[in-house]
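Labels run A, B and C following the written order; every chain starts at residue 1.
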Amino acid sequence: MATPVLKARAVRQNTLWQRLSAQFSGNNFLVLITFALFIAIYVVGVLVYRSKNFGSLNSFFDMLNSNPGLIVIAAGMAMVMISGGIDISVGGQVAMYCMMFAFFMEKKGANAYTMILIVLLTGIVFGFVQGILVAYFRIQPFIVTLAGMFFARGMTAIISTQTIDITNRSFMRLATFKIKFPFGGYTNAGGVYQQPFIYLSVVLALVAVAVVYAIMTWTRFGRSVYAVGGSEQSALLMGLNVKRIKLGVYTFMGFLTAFGGFLFCLFSTGGAVEKAQGFEMQAIASSVIGGTLLTGGVGNILGSFIGVLVQTTITKFINFNGTLANGWSSIVLGAIMSFFIILQSVFAMVRAKRR
Amino acid sequence: MVEPLVTMRGITKHFPGVLALDDVDFTLAPGEIHALMGENGAGKSTLVKVLTGAEPFETGEIRLAGNPAPVINHSPQEAQERGISTVYQEVNLCPNLSVAENLFAGRQPHHGMFVDRREVNRQAARIMADIGVDVVVERQLGEHSLAVQQMVAIARAISISAKVLILDEPTSSLNEQEVARLFELIRKLRDDGMGVIFITHFLHQVYQVCDKITVLRNGHLVGTYAIEALPRRDLVAAMLGRAFDDMAAIHRRSEDEVDRGGAPVIAARGLGVRGGIRPFDLDVYAGEVVGLAGLLGSGRTEVARAIYGADAADEGTLVVKGAPVKHSPIDSMRAGMAFCPESRKDEGCVQDLSVRENIVLAEQTKRGAFRLMSRAEQDRITREYVDLLAIKTASLDTPVKQLSGGNQQKVIVARWLATHPDFLILDEPTRGIDVGTKAEIQRLCVELAGEGMAILFISSEIDEMLRTCSRLGVMRDLSKVGELVDDEMSSSAIMSKIAGDEAGDD
Amino acid sequence: MTERPVHADGEPRRGVAVLKAIVRHRIFFALVCLALVLLLNMIVTMATSGSPGSFFKIVHTNGTFNGPLITILNRSSELIIVALGMTVVVSCSAGVDISVGAVMAFSSSVMVWLLGYGTLAQNDYHVKAYVVPLALGMLAALAVGSLCGLWNGFLVSRLKIQPMVATLILYTAARGAAKVVNSGQILKVDLPNFRWFGNFIQNGAGRNIIPLPTPIFIAAGVVLIVALVLRFTALGMNIQSVGINNRASRILGLNSARIILLAYVFAGLCAAIAGIIASSRIGGIDAQNNGKMIELDAILAVALGGNLLSGGKFSLAGTVIGAITIQTLTTVLYSINVSADQLPLYKAIVVVVIVVLQSTELRPMLNRAAAFVRPRRPAVAVAQAGE
């Protein structure tokens, strides 16, 4: 008795329009708006700071080059938020991984590739423990990852309180590996052509985002994460193993954080106690700007990437201006976030009213 | 004899302080629709939960067809793998996923590690077409009506190669057409050899569709009967365990007893909500019980909400005892109104607060946050209404969520009686509660009217309204289409008015 | 029908029941935690000083009382105040206000900015010109804090934005704004009575005339006021009602939006008070460090106090105990020479132990483990009552 018993009537054929509107009826619409807004901000930047080559490919790649870690972790954050949870331990973890790289390679002479493996494993274990506490002990994710954050920050200081710069050759080779682009550059004041490039870390970051996106969109696990976030109770009654799915989410997030931490370290090439301060909120902000709701069940991995771009563009704006105090970038970011958050809320209200 | 699909023997289970199931036997044969009946707290839900593994049990055994040894399901998932699917009263699906994904969550067809979305949508469309529900399966579930969501839940359950289908009050959010369609579906499933367990509070539905009835009372098995062997009156008697005289003892007041000399307690003129209820007029006088009849979604709840100000009215006026009132709950309360909303869980109970707090909340709010009632006064009021309504609770400090559905309903009624209203709105006060409490609430209604209260009573059961109301407003398609008084009131008259027959229209 | 089993317990088991009720009470666990941490502290102090009971010793020197307990209370003042605001916010909106630390910095920055515009000579950031009286400056800080709370509350209550997302805005922006107000400098205020609020109240000659640090009085005052308000009004019940079932509360005539709004204003106000204490302690404003990470400690205090972060019922006493527990733990760790940077690790371990012990899943899990060891017992966990 595998299939329903009723005799089949004509299967409904849906029009293309119906399918399209179904695609964009949900939160995907918000991602579109975010994207449009990013383009708008960027175009304004290009026009205003024409003399400073804001519009060059170099300038755009620069944004990617300085944020490979955030790109990966923001994608992971969206996944956790979609599952109905949150992970605020990522900043602490990133600092810890940077310190692990710096301390063990510089002070203990560890091999760079061994360290990458160790860091990734540490991340998986870290995520697994958090996942056990969230899923099997039913402790609120905020509290669990708060403890995770404290733990990681403390552990960073226990490994070393020094500021250590990384000089390890094979690590630095990875860090400085550039992929050059033959077009889109500019000639600087000295008359030298600046060729645009991206670091290897950016490629790795984008691959990671693509993988997370694919998992969340096309695998049973990913769709189950959406189900759990939409309604945990329902997911349970539908026969999904909610605990295992949550454990999977946090373990995967641990891996992504370690990977992001590695990429972060490739860019910052050093370890220090105060590294990656406020990083968790940047990741959450990216996801929120990208249309992911903290209540769970709704969100888009690619939105987080756009969220990162929006944030970095704003920072760039402030930096290009040069005369503004450093407090301004966070004020402007706050303003942009207000805009998105209020937009989402109004959007949700209109939808609720229409029904 | 055919091997039964499910055999439960000697099931016993305790909840803290309560014997929930005491040595209960239950057998389900293939190809039968088996009603599980009982008052609230009789143990129907618990028995089903034990079967599906949602609750553990202490002693007894469960045998399933095809398993030589007794089985214990530890989770609904495990039960599902053994061919037992459940559809609950509240839709337990994910509103953020598409209809298709809800049908296939956790068991999507896939290529390698990736889900085959096109196949998911195709199969989903086929399943929904099979049961005759017209939906775009790519659309989010949350964008569909509750009835459609319910149908999707059923579609999901039956598409999981189920041998046993449990329907736990599946019809409470469906209109009659949808119920008919559901029954058609269930019968077809039965004819195909599936076993269906059907739980409902609607007695007439049992007789429409079921083959057998098992009755539980206070955790004990009363008996299992063939449907022909148990007429409705005997069923009620079996459920209640006492002679069925309670209902008969209720005598509604007639319109002649109502004094229409003074101003009505409430007078609505052209009250309407944009996109909701169309403008309507309604007068309710002191000492009368006015009913609102109509199908689900006909606007009966919306009338109540507009009068009370739960939905702010966009047009029209409302005059209470001669003075106009603004449209907001607090103003309505101050004007002497009280409103027991339709959804006990969503808009009634404050679950974690105690019985005491739940009862005094409305009166306290009416007085204002800065004029706190003394503890002694709170206790006095709470005790008074706990006694008056015979609310069964361990103590006054027990969180209201620990009470049974019927007692929760009484707490909400108590909350409003404590405000000493002149005008009481009861929206489906008897839904989902046991027959005994139903009778109590109906009697209370008539008594309160006798003491001079004006009452607006909404129910989906026409019998209930015929028993309690002296006047009926009839609703259809979000408009008030007429009124029936005293002698005009009969089941058939109401039906034709609701249906919009020419004869019934004026 | 008058029979009504109000007292279900039979007489003989009365004592057991009372004991059970005490153990199950939400504050009980918080108290046990505090007791444990205090005990730990006592042992450590005893080990380092050599004399038993020196942890509880309070000495009177130079007109003030000194001792570990006083220090702990003094240091936990800001946390207690901020956590009170957090408790109310968590209760009625089922979410956390993560902006309180930034609001502390911002409101005190505005205060210092109002107090003086002084020209900033190199390496001398002392504000010497007092534009407005101290009291007015403080009022301004309170006003700014309340306004920040109003904004948060508006987003949460009117626009229905999840609290953490709504407060993420000010979390991001307010500290930046504080830096902009102060031009990114650490500003000192040279008014002697400015330092009173974070230290001791002194007479003209610089002698301490009140023997206890002022923050203790401020924190006690705030706790007392809130306790009195809850005792003599129905606000507490209303807040919990809104937190548990917003829609039912609306039908009940409660203006839930206004209640939530006020809760956030209160949280902002609390943050401003804490900000004044924090800046008064150092005699100026350090926008980078004023209230840094205090939101996390405050949330922790709320949770340690046995309050659910999912909202609803709350206990003020629990929160206060939670805050003191955190500070006591910090003190004990400092006294065994744990550096400030390493501190969070130990905090994390304690937090995990406490929340795991509080977890409702722990008992069934242990039961299952026990059943696994002794298979004779039925493998059925103790079930909670159905809904």
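The rule is short, and it goes like this: a contact is a pair of C-beta atoms (placed from the backbone, for glycine too) under 8 Å apart; a residue touches a chain by one contact, two chains touch by 3 or more.
Keep in mind that what you see is a predicted model, and the values were worked out from it rather than measured.
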| item | value |
| --- | --- |
| Number of hops, subunit A to subunit B, where each hop joins two touching chains | 1 |
| Pair with more cross-chain C-beta pairs in contact, given A-C and B-C | A-C |
| Identity of the chain that, by mean CA position, is farthest from subunit A | B |
| Distance from the mean Cα position of subunit C to that of subunit B, given in whole angstrom | 43 |
| Rounded Å distance between subunit A and subunit C, as computed from the means of their C-alpha atoms | 31 |
| Residues on subunit A engaged by subunit B in the complex (per definition of touch) | 1-12, 14, 18-19, 22-23, 25-26, 214, 218-220, 223-224, 226-227, 229-231, 233-241, 297-298, 355 |
| List of subunit C residues in touch with subunit A within their complex | 96, 98, 155, 159-162, 164-166, 168-180, 183-184, 287, 296, 299-300, 303, 309-310, 339, 341-349, 351-352, 355-356, 359-362, 365 |
| Complex contact set, residues of subunit B against subunit C | 15-18, 20, 45-46, 49, 55-58, 308, 310, 329-330, 332-333, 339, 341, 346-353, 357, 361-362, 364-366, 368-373, 386-387, 390-396, 401-402, 415 |
| Contact footprint of subunit C on subunit A as seen in their complex | 86, 92, 133, 136-140, 142-144, 146-151, 153-158, 161, 273, 281, 284-285, 288, 293-295, 325-331, 333-335, 337-338, 341-342, 344-346, 348-349 |
| Footprint of subunit B on subunit C - complex, ascending | 1-2, 4-8, 232-235, 237-238, 240-241, 244-245, 247-255, 312-313, 378, 380-381, 383, 385-387 |
